[in-house]
Amino acid sequence: GGAGETTVAVYAAASLSEAFEDLAARYEAANPDVEVRLNFAGSARLAAQIGAGARADVFASANGATMGRVAAEGRTAAPPALFARNRLALVVPAGNPGAVTGLRDLSDDSLVLAVCAPEVPCGALARAVLADAGVDADADTAETSVRAVLTKVMLGEADAGLVYATDVAAGGDKVAAVPLGPQTRFNDYPVAAVSDRAVAAHFMDFVLGPDGRRILSDHGFGTP
Amino acid sequence: MSRRPPVGVLAMAGVAIGVLGLPLVGLLQRTPWSSLGATLGEAATLEALRVSAVVSLAAAAVSVMLGLPLAWVLARLPFRGRALVRAVVLLPMVLPPVVGGIALFFALGRRGLIGRALQNGFGVDTLIGTTAGAVIAAAFVAMPFFVITAEAGLRQLDPRLESAAATLGAGRWTVLRRITLPLLAPSLAAGATLSWARALGEFGATITFAGNHPGRTRTLPLAIAQANEAGQPEAAIAMSVLLIAVSLVVLVGLRHRWLAPRRRWPEPSQEIPSP
Amino acid sequence: MSIHAEIQATVGGFAIRAAFDAPAGTCTAVVGPNGAGKTTLIHALAGLVALERGKIVLAGQVVDDPARRRRVPPERRPIALHSQHNLLFPHLSVADNVAFGPRCSGLAARAARRRAEEWLEKVGLAEAAGLRPAQLSGGQAQRAGLARAAACQPEVLLLDESLAALDAETRTDVRHLLADLSATRVLITHDPVEARLLADQLLVMETGEIVQAGAPEEVAANPRTPWTAGLLGVNLLSGRAAGTEVALDCGLALTTATPMTGPVLVAFSPAAVTLSTAEPHTSARNTWEAEVGRVQPEGDRVKVFLGPPAPCRVWVTPQAVGELGLEAGSRCWASLKATELTVRQA
Amino acid sequence: MSRRPPVGVLAMAGVAIGVLGLPLVGLLQRTPWSSLGATLGEAATLEALRVSAVVSLAAAAVSVMLGLPLAWVLARLPFRGRALVRAVVLLPMVLPPVVGGIALFFALGRRGLIGRALQNGFGVDTLIGTTAGAVIAAAFVAMPFFVITAEAGLRQLDPRLESAAATLGAGRWTVLRRITLPLLAPSLAAGATLSWARALGEFGATITFAGNHPGRTRTLPLAIAQANEAGQPEAAIAMSVLLIAVSLVVLVGLRHRWLAPRRRWPEPSQEIPSP
Amino acid sequence: MSIHAEIQATVGGFAIRAAFDAPAGTCTAVVGPNGAGKTTLIHALAGLVALERGKIVLAGQVVDDPARRRRVPPERRPIALHSQHNLLFPHLSVADNVAFGPRCSGLAARAARRRAEEWLEKVGLAEAAGLRPAQLSGGQAQRAGLARAAACQPEVLLLDESLAALDAETRTDVRHLLADLSATRVLITHDPVEARLLADQLLVMETGEIVQAGAPEEVAANPRTPWTAGLLGVNLLSGRAAGTEVALDCGLALTTATPMTGPVLVAFSPAAVTLSTAEPHTSARNTWEAEVGRVQPEGDRVKVFLGPPAPCRVWVTPQAVGELGLEAGSRCWASLKATELTVRQA
């Protein structure tokens, strides 16, 4: 917008990058005098940067715990709000070489299975879903990022992976999703203003508002 | 003493080249050549390339400027705790880059050891999102390579040559300029190349300490990682190929003797060809 | 530029202790066995080895005096050194090596280059100007190193065995080149002829100390140690004198022309001894029978080593060797005039 | 020629030590010493330490075993394309680690260039989750350091010494064992140390190519990253301190001359102390 | 072990071309100006420089023959080499350096060590056994290098200026050590005395070629180039002969005892020339007036350089110098008996 008389620094989790690039573009179109500066990285990294005094205005985390820590340190200007919801998906490489038909098959030790580490949200979600289904799956790798799981499946190096539903599209025709049926567990994404500048609250309202919801749902996110 | 090397040696060298080279061949083979042009033509890619060039060159320059005196002190000044300092110099290599980034916060962040000094003295509020921060992060991980290489070179130098220069009337700086540095040139070039290459590939410390800001701190590795995260593996690979191509051009372009000490003896094979 | 040196220094556990004076423009030759500390001595003069005690004064200027914490670094001493190891700069061409000193003294590149070419010409290396040191033969490298030091046109020139690798003809030329320099020169050499021809003063070093100093002929006439005597070709035997009789430690008694008492050194030239197959009856006061050791031709004369009772060297003509049937193991009579003996208190 | 260095040099060296050392000091200062014991005592931490030790040492060993012949070929065997091979050897340094991991898949993965050969020849189905995979990933990024350092050392060697040994009756292997390698020892030690340190700190290629499997591929850097992601920065810092401590012990413990060429000349300062 | 060598080789653009034979157990001295290719020659023998053509045969065994693609590597030739640069292994102690060769020949560590100690003893370096090469003086290093080569007890021993840095006394000792070896020796030297004393055969090299070979006395008597003549102290002038008259190129005419025709070389000893202040009237057939150049004392005699018309060197006694008032720039008469002249076709 314009020469960028005002800027708003938005720190967003890497898995939100496509959605937030769209959000930023739309926001700049609606507010020509504001320039959105995006910084994408893992939630924990962003939290560390904010903790170290980065000039961030808005923080969108993929991880409630991380946001909780930032809030606990008193770095948020307003209470966090949940703005997006994600479901778990089971993906297999195109052609499904491991002949995976559902969660049950994941207990097969000869399968190369990639999931997230239990300490990160997608891992916690995966573990809970597997437990609910009563499946005792031994993962070959516990990734710290969902995209790392997806990468391994896309390359055919893993026979199956548990990722977020929003990631399936990113796999294009290299991966196929195996239907999981109705789910009761989700991961919800919080967003918070971390500066008390008016533009921070304004951008946050935009994300939570109807335009924001539509863009997020275009990218596969649900509403919490 | 240069005869055809034993077959075993050649075989092992071949395996080594395979280990190092095959992944690159694989990368090239899977490169989406059709969409390559599009990705590389994108403004964002070119911007990342520019940031990478600036940051890696600046980091290499900082490494040389600060690293050379440090190497000199380590090689030539006997002092207590020299072994400790030398080990500390190596530590950034050992530290996972993320931890390196966090450690940089502890030192230079607003609440870091000299954060307040930076703020008051230089008006530096935060290094996050600044190219300076990216350069510092890259230099932090890249400098050790230069220091180690330059120190080894300095130690290998025959100090009698420097003494000889002094007896011919050369002062300290003349000796440095006309004898020490030229004789050291191969080591310096090798060290600078190593640290440049390390800075060019640097990812973890940069994204942690300086953030991922397009046009300022988003270098090619950050752009690659983000493309990968954003589900655009083709773009990631295309940019990797770009990175490789740039590196190859630079590395091959540097006269190859720069990467290795200048010959002081005739190439052995000239004297003793294999029968 | 005159040199006044009182040097005490240590390298790697080896200590030297040496004092000498050299008037301006003179040439001082340092001789002595391998490992005597000659190189260390001139390194101290050049400032490459620190003094522990003593001082070095050049033309009245103190350049080294640890007691007063004064120490002029090598590059600011009006001294150039040609090392035993040449130490040519491997990354510079021969011409640039030689031009290095002139450049350091502030000469412009072009003038320095000309000076270098002059010196290369003088040492017969004009054609090698563009080569790298690694492309030179041993003797060529030595000439280049020598030219490099000389091209500094220093007030004091230190030369460490600088002619050792030169071919005989070049050596003579370079010797004359050195003789014509106006610099005060200190040169280390193992060649007695070189020392005698070039030096105004001879320093004899042994195990870190100067055991004798003086004009070459003076030292040759009165060598104070067997090494010096051997170097200069003089025979030297020790004994006790009582009047004109000297009882040598080896058992033989000699008559001398100089009455003395107590421990003495007796020196005589190898040419002064006459050999014969039968006991000689001449005016010579000293005669003894000895076994012939080595018989060694040297140039146009033959050096004969006599064994006990008085080990010594004798020069004879090749004809004499044949006529007397001298060979290792044969016996002969030696005679020596008393007036040929030099006796000194030990 | 060793006199007290100019103040400027000392100052610059000080800045360099600051840049490299301050972050470590900051890290130590922020270390949660009270909970340190607890974190370090955890079985998972010790397991990660063990995996790190195994993987980094194995990677360093592979680097030396394969890298030495390669260095020898690069230094001594004149062939066309030598500059290219030397540049390719450097590329793993330039590649962002994640891309390195992906490239390894392209070479050794199931669908990689020699993946099928591995599968049929060695029965290797996948390297994900295997220590072998972690070692390969670490060696891939660590070997260049050894190769570059060893090659520089080899070039600096006076080949006339090897010829001299031959004229004394030493065969090829004797020359290698008794002359070349001992003279090269400082470079080899430095190169091995550099590559060990690089392997110890390796993160990106390992987690991408070999995955993060406790007890098999989860090295300390992976555990640190995971703790960090999981919002346990204290645990991450505690483990980083452990990593630093281990490295320091090893690096200081190595006789410090190993990191630098053995002296062939007397330590200069012995000859010329400052006035 | 006999040597038969026909060598054509090139180092860095410099080509040598040399053939010679050396019977088993003999000593061959190679002399020649700096850069003549002497080092290159013995490097070719040792196998360090590859032949382009020719061959090397040791005791009937071909060790190098490029035409037949045969090439025994240095370590399997029964040869040891002492380099001009010593090239001691810096990481080994002096004793381990010397024991290196014996170890390579299969000797056990202990026996090799003993052999090393023996040789160190022989070269007077017993006390330095435990030192590193960097701690040795120049001459000590040379002795260690020499001991290292000799300790291999090779059939052929190649020595490149191995005595140049030794002090005079040690040099004599080592010379005798070398004379007593049973190995076939090839030694490079710039010292004519050394060459004459040690060598059974003398090779004179110039610009890559052997210009003369033969027994030292034979070469001294019939030097074929001015360099050789100069080295061996003989005067050599060229001219055209017509019967017993030779018109020298320098203008002077000489009478000889040997009638010849065409271009010739005339050689005469410096001792054969008599000098006087007035024109002499003796039986000497050749007399001329000349200007005195340098007057140079050498040991117990003086070398006088005469200028045109016939530049030559003359040895006289120091007394004669005084009596005749010889000094640079003075004039004198030279006389030379026709029978003292050696004339050879050029």
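So that you can tell them apart, the chains are marked A, B, C, D and E in the order they are listed, and the count of residues begins at 1 in each.
Convention: a contact is a pair of C-beta atoms (placed from the backbone, for glycine too) under 8 Å apart; a residue touches a chain by one contact, two chains touch by 3 or more.
Not measured: the values here are computed from a predicted model.
Undergrad: Just to be sure I understand: going only through chains that touch, what's the smallest number of steps from chain A to chain B?
TA: 1
Undergrad: Starting from the Cα centroid of chain E, hunt down the chain whose centroid lies farthest away.
TA: The most remote chain is A.
Undergrad: Among the chains, which has its CA centre at the largest distance from chain C's?
TA: Of all chains, A has its centre farthest from that of chain C.
Undergrad: Rounded to the nearest whole Å, what is the centre-to-centre distance of chain D and chain E, using the mean of the C-alpha atoms as each centre?
TA: Here chain D and chain E have centroids separated by 55 Å.
Undergrad: Counting only Cα atoms for the centres, state how far chain A is from chain E in Å.
TA: Going by mean C-alpha positions, chain A sits 88 Å from chain E.
Undergrad: State, to the nearest whole Å, the distance from the C-alpha centre of chain B to the C-alpha centre of chain D.
TA: The computed centroid separation for chain B versus chain D comes out at 14 Å.
Undergrad: Tell me, which residues of chain D touch at least two other chains?
TA: Counting only residues that touch two or more other chains, chain D contributes 3, 102, 105, 158, 160, 163, 165-166, 172, 175, 225, 228, 233, 263-266, 272.
Undergrad: Touching at least two other chains at once: which residues of chain C meet that condition?
TA: Residues 12, 47-48, 73, 85, 135 of chain C touch two or more partner chains.
Undergrad: For chain A, jot down the residues that touch at least 2 other chains.
TA: 45, 48, 145, 151
Undergrad: In their shared complex, at which residues does chain C touch chain E?
TA: Going by the criterion above, the answer is residues 12, 31-36, 39, 84-85, 135-140, 143, 160-161, 164-171, 176, 190-193, 196-197, 227, 230-231, 233, 271, 294, 296-300.
Undergrad: Using the touch definition up top, name the residues of chain A that touch chain B in the complex.
TA: Interface residues on the chain A side: 9, 14-15, 17-18, 37-41, 45, 48-49, 51-55, 145, 147, 150-151, 154, 167, 169-172.
Undergrad: Under the stated contact criterion, what part of chain B meets chain D in this complex?
TA: 1-3, 5-6, 8-13, 15-17, 19-27, 29-30, 65-70, 72-78, 82-100, 102-108, 112-114, 136, 139-140, 143-145, 147-149, 151-153, 155-156, 158-160, 162-163, 166, 172, 175, 186-187, 190, 193-194, 197-198, 200-201, 203-204, 220-221, 224-225, 228, 233, 236-237, 240, 243-244, 247-248, 251-252, 256, 259-261, 263-265, 267-269, 272
Undergrad: Once bound in the complex, which stretches of chain A touch chain D?
TA: Result: residues 42-45, 47-48, 63, 65-66, 68-69, 112, 114, 117, 119-120, 139-145, 148, 151-152, 155-158 of chain A touch chain D.
Undergrad: Using the touch definition from the top, list the residues of chain D that touch chain E in their complex.
TA: 158, 160-161, 163-172, 174-175, 178-179, 182-183, 262-266
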